[in-house]
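Notes follow once the structure below has been shown.
Labels for the chains are A, B, C, D and E, by order of writing; each one numbers its residues from 1.
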Amino acid sequence: MFMGKVIGTVWSSVKWPELEGLKLLLVRPYSLGDLGVHADSPAPNDEGVVCADVLGAGIGEDVVIAYGHAARLAVAELLPDGAKPAVPIDAAVVAIVDRYAIAPE
Amino acid sequence: MFMGKVIGTVWSSVKWPELEGLKLLLVRPYSLGDLGVHADSPAPNDEGVVCADVLGAGIGEDVVIAYGHAARLAVAELLPDGAKPAVPIDAAVVAIVDRYAIAPE
Amino acid sequence: MFMGKVIGTVWSSVKWPELEGLKLLLVRPYSLGDLGVHADSPAPNDEGVVCADVLGAGIGEDVVIAYGHAARLAVAELLPDGAKPAVPIDAAVVAIVDRYAIAPE
Amino acid sequence: MFMGKVIGTVWSSVKWPELEGLKLLLVRPYSLGDLGVHADSPAPNDEGVVCADVLGAGIGEDVVIAYGHAARLAVAELLPDGAKPAVPIDAAVVAIVDRYAIAPE
Amino acid sequence: MFMGKVIGTVWSSVKWPELEGLKLLLVRPYSLGDLGVHADSPAPNDEGVVCADVLGAGIGEDVVIAYGHAARLAVAELLPDGAKPAVPIDAAVVAIVDRYAIAPE
């Protein structure tokens, strides 16, 4: 899993039926430099990840993202109509971060 | 999942029977710089992904791509002859993007 | 799998029920330069991984991390209430490192 | 999936029984620069992938490679003795490329 | 899969029961430059992979590594006590390389 910041939203009308009702967020993964580990870190991460969200994460919030089967498990559990392990996604928000602590090295 | 642009097509005559009838697209993943997040982003992403498509995405369109099991689920659902979870692909178009919004940081 | 150092902790109150009771650690993967393989290695790895831990790894300890199904197996085995293969995580501590040896090249 | 060029062969005598009879190829993934997308692309990709092949791809040919479960499906289907979903590989040739077209941007 | 060189060993006493008796090796993946493909390749790969090994690969040997389910299949097959598909690893040695050949480009 990785930690990132919700920076946007993606809308689609032509998509898989299983994706109906799933919000798609754009998340920017944090580098360790973003988290304050290396003071001289050069540039923020330049790759964005599109994630399904059913936890209600908002723009600007910090989230934990899981990939693959874990993402499908996460979405299946909370959708209104029960088990949907077959939803064609590979990334989802599994936690909204309250706080994190980094140990001084 | 990630967002990218359809930039090409790949043709093959020697391939797995399960791949018959599946269009293979070449997609260039967007970096966050491409999406306008970092004004000083240096260069576009240099890696292309070959994806199966049954949604009818056209050249130049923005799409959301999923990997792995999610890709096989996506293709199985919409092929004319029903369930084909055994199709040997690992990437597919799961949504055609209408619009996206990035929050100012 | 990869070897890394535990550098922090992540707390969340809005998360999947299956994640209750699982400690989430922030781990910095070691580069080979960090392990002494290349004397002139430029900079430490700048990506952090969020991992579930049920082995009790502490801040500053070296750990081995596995991804995907392996991570869910690892967590399922040691949780108090038995088999939970459905926990939505994709990375976990599978071993705490006592010692490693690198061969001179 | 990704597109690459077959550049070599790997031989092994100490290997898993399930790998007997499977040809192992070394494939160099194409960057978009290699495919003519960016005229000023700096350097070819420096990572090679070892892939199982049962389609008969030859040195110098362009191929499409799939990872993970897709690779095992691909190999299982064409091996003489039928279903071998348990073969311990994670990459395989799923198509030999006849032709590709890139849209001008 | 990828080809790499065994450069070290990792020991752990606090680990999953399923990992008992499995040797954990540290492997440095080869870049194509290491294999002689690009004469002007800048630097060796700086990421190490921790792999389970039951083939008896020694320090300095060239090996083929598979990830994910393939790694668990590989380990399950050769362990003394039969099927252990549930072992929490995600990388394993699947072949010891005798020889490889790269085609001149």
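Just so it is clear, contacts are C-beta pairs under 8 Å (C-beta built on N, C-alpha and C of every residue); 3 or more make two chains touch, one makes a residue touch a chain.
Computed from a prediction, not measured in an experiment: that's the story for all the values here.
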Any chain that touches chain D and chain B: none
Copy-to-copy rotation for chain B and chain C - C-alpha atoms, rounded to a multiple of 5°: 145
Between chain E and chain B, distance of the C-alpha-averaged centres to the nearest whole Å: 31
Rounded Å distance, chain A centre to chain C centre (Cα mean): 19
Sites on chain A at which at least two other chains make contact: 68-69
Touch-based graph of the chains, sorted into line, ring, star, complete or other: ring
Chain order around the ring, beginning at chain A and proceeding next to chain B: A, B, D, E, C
Residues of chain B defined as touching chain A within the complex: 1-3, 29-33, 35, 37-38, 41, 55-56, 64, 66-71, 73-74, 77-78, 92, 94-103, 105
Footprint of chain E on chain D - complex, ascending: 6-19, 24, 26, 28, 43-51, 59-60, 68-69, 72, 86-91
